[in-house]
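Here you go, one structure.
Read from first to last, the chains carry the letters A, B and C; within each, the first residue is number 1.
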């Protein structure tokens, strides 16, 4: 493994060594912002433009045109796809909220055994390994999956969980609700308990209290999560493809771009529209959230008072939590069964169980696992560094054009992985890596960078939410004591953001660990392949399904353990921060 | 670090004039690892001075990959099933012309030419297309195994069939084209639409079809033979049949233009075509039909010999030029009429099936007429075969301008929108008519 | 806006957070209409006690009765006690008007009545012109008043104030506490006021309870507590106290207090012989020019000019005594190191048996 090669774009060190006249009147933050902007331009905007400029080219004359966009809106299939994508995204937010809200509320509001475990388990659905995840899902919820086979046998009817747009909504909600869970929980934890007590004191309780006071106060976190779900679902192609739903924008873009040899610009037109619409949604969420920065007006802190549950409430709460967890984790249960199964075909459960899949997986997959840890680790680390820096620049400085950093980074959410992959090949194939004598596009580091860019929006959201909760006064206090800006950030701001940064790291790491769409274009040798690619290889043969599932389980376990650890650290961090308050 | 060392060691070795380390051959392939691993091992045993590096990509990603890295090419061999993918690369000038030393391989397999006439790629194994089914599923649903395309059009298979799309998978494209050539343009498309009406889904990847049949998501899959053979070999309760109208086509291998190791690449191709390499195809993990008739003497039981059993693929005289000429039009038509409008098509087909079931005796003339009209609407094609073969029309789909002055009349998006408007309206009307007939 | 005045009875209240005892054996009776203060240092349990009355935090054992009704098993939202929080806890997503109307809406009053009563309440605190503002557009003092208006508008049975002035600056604090008192008198609300500031407690409350380590040390009127502290803690917590340790000795009929250093002071009050301590306020020791029979000798360690008086720290009788001397024009300050005779006003001394 080439672990000890230096990572590029490592930040500000370079600037210190440059003569001052090169950067007149540039503060450290502005310089960092500039470097980040250059990094994003180089590794996101430029490669993507290399691909999507086709959207603005007239295929007949080669000249610039907006005709393709006119075609987009003139095509009823695309108009329908747009409406379908919008409908599915909006409904997914609703269903994901229904799933996430009870989990977030119960675990943050009550003394509830295993809160950290539930929060971690609630995160697992984000880690759906490619292909095997789909197979496992259809084995459980599909037309002839476990649930429907049993329903048909015992009750004589079936439920089309995985069919049509509603199927997409269900699967997407199960997949992406953790975004809401994570952000909402963080917000709920940060509500000053007196906010809730004041309402109780004035006669409010239960759901009314939640609806009128607690939830509106948690709105910043909720919106952050909801907009992520919305954009992600809008741009996601994996699930619609898995359910073979084509009449949505993202799969339309993907299907058209990846068709062999066809140079129809519409795929790229749709990509541009996806990116534009995602940025629009984000901007809309900014508008909604304007003036709702509640962090600075809350003085006490300490989070919602945790209450003990009465016996009856306990039964209801555990019932609700277990039901939700059972629902959202059933694909992973299916994956587990699949990984131990001999043959599983048209039956509620596998025909038999075996270790053979794990043995077979282990024989050829150590490299994949190590590569994944390396790439996802680098990507997530880079993401939280970039995320913290961007969050700080956007929220705490007045640098001109700072919002652009945010928009650029978030636009990555809407760039289909395959577009980024092709863009990298197109942009970096001609650039030689010094000393290695191979093109940059074929160096393993480029995979890590692609993952970093793809997952940056997740880390960025988490870092922004965390920074929002750090009062400016704390920063000013440090500065008044003589700390320099960079020291203040390092010693005060970043430590206070630990929870959020860690959450961002985990989200980036976990989702990068199972990412495939960009990597499949960039893998240039098997020795450099990550785990998702290994699953892809296994899944191409019927006999490789079990081994692929076993590798998927390894991914889930690695990421799940990491998440659990992070949860424990976040909880401990929380306790440390609140131990000062007394009544 | 390790890699840095090995590459510099290799570089030193080369400079010293003697290839101390094994020479690398980079192979881009869509074949599953189980198959490539076996062949890689066999090849490296036979040629210890070479080291195969497998890069597994789907056919379409592989083609894109080779196109994108061409400016600083690092790949030597492209190795995949679909001849069309090779045609695309060849048309792009990305395949080198080679003349491998191989004997005993006929020029044709069935009615399909074994190799590229210009020597850019070579067939090394044969595959046929057919119907795969899940025996448990078939039994549970009280169905008969379908062995001909026509069977899959029957109403009892409604919602039980799965297939990939020709725009997604080169092998699927060949299947579609085989039926079109075997049955004729109009009849062939009508067949596909009636089969399409019975689809449970159109999968995005070709291996989504065997997956669907293996898990029992749907009962029948239209697949390439080795998917079925290897599923069965893995223990899944599945069976496979070649319909009468099918074609045997070669899976191919070609050397990439400007290959860093062209000599090694050619050696690999020659190995695949040698009797020794051909026999490796009998490995249970591969189960493909060799193209050298002699090696069938050692074939495992159950593997058909297309050079003896002339019934396989004999009915269709596959015209590669025709297939190539309208490649994108066929893919696009299939997507517009079936993939993207599956729900509309299914609704129309279901309505017709119900109306026909109700008036099975054919005594009600009015109903019969309505049903006939509905059928005609479903089967109606937006373009004729002549149009599909018109190079000017096809140019709208490839839009690779040969010269700046080339005028292309229509844009793909525009054409597809016209087709879409026509078929959705037809499907809607057909459903209406069929419902009217059923109500009589 | 006049509510029925209710008293509060607290009986034998105990509360522990795990092994830490937060409240121990609290017994307290607050009269209807009384302005009552809980005074104590941080960690004394005063806020916990207040929150127990409001129904927040874990359930204590014992009894809390408001107007004769035991409320211990009622949830906060059924107790009808109004509480103003230290942080004001104005909801940032609701306007001033909506904040104040919240409790009335919860009570499902008709819209017209809500509007009227919100206006009244805002008038009461003099901020009706800010009804449309959002809380983060208000100054600290305004937020405080809105928090108060939000609480009194529901006409609670009792009003609980949790360090309501601690987030205000000094001048505003004095003004607000007068306003608070005036409002309380006007509404006649039984009110409990939690503070760690003795001046605040002294200046507002009818009676107060001094708490330390979860135990009520003494209950009484502010002056009573100052003049007759029940123990050293109360003596030290209320005002400045010089504490002399020693023993009471009987010489025939006369009682005297002998300090550890051997200085003897006559005791005018009845007392038992034995180890004891006396509390002397700074103003009860005078620096006299002459040595007398009841004077003790000391040495000036430090002096502070405070305007109306000069505060001396004098080492005498084995401890450092704080002595306040009225300042008169052109009178010089005694230099550090000067030997002085101290005249102790033993009539004002408080004797505490150890």
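Worth pointing out:
Please note the rule applied: contacts are C-beta pairs under 8 Å (C-beta built on N, C-alpha and C of every residue); 3 or more make two chains touch, one makes a residue touch a chain.
Nothing here was measured: the structure is a model prediction, and the numbers come from that model.
If you draw each protein chain as a dot and join the dots that touch, you get a simple line with two loose ends.
The highest number of C-beta contact pairs joins the chains A-B. At the centre of the protein atoms shown, by the Cα-centroid criterion, sits A. Each chain gets a centre from the mean of its Cα atoms; for chain B and chain C, those two points are 88 Å apart. Per-chain CA centroids place chain A at a distance of 35 Å from chain B.
Mean C-alpha positions place chain A and chain C at a centre distance of 53 Å. Chain B makes touch with chain A in their complex at residues 1-4, 7, 11, 26, 31-35, 53-61, 63-65, 68-69, 71-72, 74, 82, 84-85, 88, 134, 136-137, 140, 167-168, 170, 200-204, 207-208, 210-212, 214-218, 227, 230-231, 233-238, 285, 327-328, 331-332, 335-336, 339-340, 342-343, 397-401, 404, 407-408, 411-414, 416-417, 420-421, 424. Of all the residues in chain A, the ones that touch chain C in their complex are 192, 194-195, 197-205, 208-209, 212-213, 216-217, 219, 291-292, 294, 296-300, 305, 308, 582-583. By the touch criterion given at the top, residues 1-5, 59-60, 62, 67-68, 71-72, 74-77, 135, 138-139, 142-145, 164, 241-244, 246-247, 251, 255, 258-266, 342-347, 418, 422, 425-426, 429-430, 435-439, 441-442, 520-521, 523-527, 533, 536-545 of chain A touch chain B in their complex. Those residues of chain C whose C-beta lies close enough to touch chain A in the complex are 42-43, 47-48, 51, 54-58, 75-78, 80-83, 85-87, 89-94, 102-103, 106-107, 134-136, 147, 150-151, 154, 167.
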